[in-house]
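Presented sequentially are two complexes of chain A, the first with chain B as partner and the second with chain C.
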Partner chain A sequence: MRRRYLQALSVIILVAVVFLLLPRFYSNQSFLFNLMLYLGLAEGVNIIYGFTGYLPFGYVGFFGAGAYGSAIAITFWHISPFVCVILGGMAAVATGIVLIPLLRLSGAYFAIANLAASQALYLIVANPTMEKITQGPYGIDLSSVYNADAGYYTMLAVLVFAMVVVAYIRNSDFGLSLLAIKEDRVTASLAGVNVVRARSIAWMLSAFVAGLCGGAFGWFTAVFYPSTVFSLDVSVFTIVFALFGGVGTLAGPLLGALLLYSMYNFIGISTPQYFQLFYGFLIIGLVLFLPDGVASILQKGKVYVP
Partner chain B sequence: MSHSGKELLKIKGLVKKFGGFRALNGIGMDVGEGCIVGLAGPNGSGKTTLINVISGVYRPDGGSIEFCGRSVYKLPSHKIVRRGINRTFQVPRPLSSLTVRETVKLAAVYGTCEGNKEETIRQALEIVELEGVKDVVSAGLTFAQQKMLGLATALATKPKLLLIDEIAAGLSHQELFKISQMLLRIRNTGITMIVVEHHLGFIDALTSDVVVMNAGGNLFRGSIQEAAQNDEVVEVFLGR
Partner chain C sequence: METLLDLEALESGYGLIQVLWGSSLSVCRNQSVLLLGINGAGKTTLLKTIAGLVPTWKGKIVFDGVDLTRLKPNLRIAHGIGYMSELGMVPNLTVEENLKLGGYFRTDKENRKRAGEMFDYFPDLKAYPKRMGGALSGGQRKMLGVAKTLMSMPKLVVMDEPSSGLSPKFVKKVIEVLKFLHERENLSMLIAEQNVSFLDFAQKIYILDKGQVTFGGDVEELKGNDTIRETYFGISQTVRSQPPSPVGETP
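Presenting the complex of A and B:
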């Protein structure tokens, strides 16, 4: 058990060091930021999907709640943006608490309801009548506190936090209880697990990670619109990244997000039409041949993936 | 029977409805501490439903369930388990991706606050003789092994009362004998049991105290020999 924690720790340290040092050698900070963002979001989806089996198609709702929660706190309270990012995380948790009843749904019903909830939140935030609070459709402008470096390192801290949470879940009794719930709710509760509580905690942790990511994104970007931070692309990208790498592990979603987001950046932005095509095939291939992700190739060869 | 006089479980007038159908229709029974009570009845008489209701898997629609002098009526399963009741399933429900050890560990960690966890896990695996496959994932076990894993998981929560649902069904004669010996050993560690079984022969090897239920209610309580001479019991079993 201790060895597994050490393996997870090495992964976390490796990722942290890479993103700490890379800006010195590679000047595209915005690419590095977005990469970290998707690594963090993929781990966030991993918490809820990888360990409890709920597929959160509305995951972007938490991201948007975090971006707006943080931005509103910065705008109205003029406190440290770093604190506001944490408040953004809490705004996402609050959203998650409101949505806890959705966890009673299963399978596709949960995914659809979650998707609808995220779009409802989008419509509320983007509504012109909300202008006094959210600026409605006109978007948020945080240029007065703009600080790309601070935003970058905040995102790094958020990523490290997300990895620590996943490493804990992967190796703890709590994580075991989540996997048990995913397998069979009744058997888990007869082992003494408080099913409702455990899955709600996982849900809120997952929301918190997305909210922190949203807050950091808002700070780093400084100007954004409801359509940016509530874009369904965020949900879809994140879920595909996490699945491609392999959920239920720490390293899988990192690997998935790293490979696919880099690919998206190098092919997708210059020739988006090819990327879409490639992406479509990739998803079909994933579902057909590798439903448990890249990590499962190693696991089938009896290699332990942290 | 071999009562120490103290009643561990008291059930009165229990009702469970599925739509308009009453799967449990007023059944009641008392179980003394340290006893094994056999529970028999024809198919569909409500034996499994009774176990599901007592263990909190189904919510009852009426009646009362008292355990150790306190009500466990309508409590969620995990609380009932921590009070000291557990059960096995007629058809095993393994946590497929977890290993045997992980499954039992989960129960030892979450199902009880008593005792040393490692010791609890070791004992549970030893009683059901699954030490040899403790690192195998549950999906890879045989049907009989999955039944044993269900029993080990229940034992690891340190129950005072164990509800056993047709553990002998689908097993060979040899396995049957082994299991009745195993259940007697478990009873001797101080665990009270309700054992649901179709085959009266299996119950006979364990206890002379049998409850026969029919259509969700009580039909008979007494020894198997008396049951065999009871006209009503004979009638429901032979379906006349």
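Presenting the complex of A and C:
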């Protein structure tokens, strides 16, 4: 067990050092930030989908709640943006608590209900009558606290936090109980697992990670709109990245996000007209030939993936 | 003998459908009890009600002096009830992980020691600690299910049809294992079955029919009951003692 924790720690340190040093050699900070953002979000999806089997198509709802929670705190309370990012995470957790009853559903029903909830949240935030609080559809301007470097390193801290959470879940009894819930809730409860509590904790941890990512995103970009932070593309990309790498592991979603987001940028810039086609084929191929992700290739070869 | 589990006039079911109609039974400490019943008699529902997977409508479940009637399943397990469903283990977890899950309430140190004991009891499992539960043979899966249930060192083991899906050879092996564990660990057991091979092992038998306990006694009493013998053994004392009628002759 100690060896597994050390392997996970090596992955976390490697990723942290790479993103700490990369800005010195690669000047596109925006690309690096977005890459970290998707790595963090993919790990967040991993917590709830990889370990409990709930597919959160409305995951962007937590991201948006985090972005707006953080931005509102900055706007109204004028406190440190770093603290506001944490408050953004807590706003997402509060949203998660409201949505806990959805966990009674399963499969497609959960995915659809979750998606609907995120869109409902989007419509509430973007409603012109909410202008005094959320600025409605006109977006939020945080240029008074804009600090790209601080936002970048805050995102790095969020990513490290997300990886630590996943590493803990992957190697702990709590993670084992979540895997048992994913497989068979009845068997899990008959082993003494408090199913409702365990899956709610996983749900809220997942929401917290997305909320922190949203908060960091808001600070880094300074100006954003409801349509940006509640865009379904965020959910779709995050889920595809996590699935491509292989959920249920620490390294899988990192690998998936790294490969696909880099590819996304490469194709999106060089041949944007083929981007949708390429991604469509990629998703079909993933479902048909690699349902358990890239990590499963190694696992089939008896290689342990942290 | 001291009573460990006492079910008092239990009523339960699913939604609007009532399955148990005032079932009462008891299991004493270190006693092996067999719950016989045909398909649809309510055996699984009774066991699920004991485990808390199906809500109790009326009646009382007292275990080791504690009223469990309104407790959640995980808390009932924590009180010392080990429940083995027909599947018994998690297919997508390895043998080691299944055992660890079985000892969810125990410390790592206790689990390691207990897993060692389980591997001694079940050498087949010892050979494949990293193999997924779903990749084991039917008999090995049952053994893993039993081992997983015993990991928590329960006071009472409740088993739902441990013989289901097994060949007669493996059923015999399961019975031998349960007998061994009953003696070795002084386990109290409540086993729901329709396979009468388990009679060899039972100290007390209950018959469940249409959600009601219609018989409670030992093996000799059971064998002396014509109606039950006919239902479960397919033979009747009266018919067996008569010579067969000659072909063509009206009986």
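The rule is simple: the second predicted complex is superposed on the first by the 304 of 306 C-alpha atoms of A that agree within 3 Å, B and C clash if a C-alpha of one lies under 4 Å from a C-alpha of the other, contacts with A are read in each partner's own complex, and residues count from 1 in each chain.
Basically, a contact is a pair of C-beta atoms (placed from the backbone, for glycine too) under 8 Å apart; a residue touches a chain by one contact, two chains touch by 3 or more.
These numbers were taken from a predicted model, which means no experiment stands behind them.
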| item | value |
| --- | --- |
| Side-by-side fit of chain B and chain C on chain A, or clash | clash |
| Partner chain in contact with A:183 - chain B first, chain C second, else both or neither | both |
| First (chain B), second (chain C), both or neither touched by A:131 | neither |
| Partner chain(s) touched by A:173 [first = chain B, second = chain C, both, neither] | both |
| Contacts of A:193 with chain B and chain C, given as first, second, both or neither | both |
| Touching partner for A:141 - first (chain B), second (chain C), both, neither | neither |
| Where chain A meets both chain C and chain B, residue numbers | 173, 176-177, 179-180, 183-184, 186-195 |
| Parts of chain A lying in touch with chain B, wherever the complex brings them together | 173, 176-177, 179-180, 183-184, 186-196 |
| Chain A-touching residues of chain B, taken from the complex the two chains share | 55-57, 76-78, 81-82, 86-87, 93-98, 102-103, 105-107, 109-112, 153-154, 156-157 |
| Of chain C, residues touching chain A in the complex | 51, 53, 72-74, 77-78, 83, 85, 87, 89-93, 97, 100-102, 104-105, 148, 152 |
| Chain A - residues contacting chain C, complex | 173, 176-177, 179-180, 182-184, 186-195 |
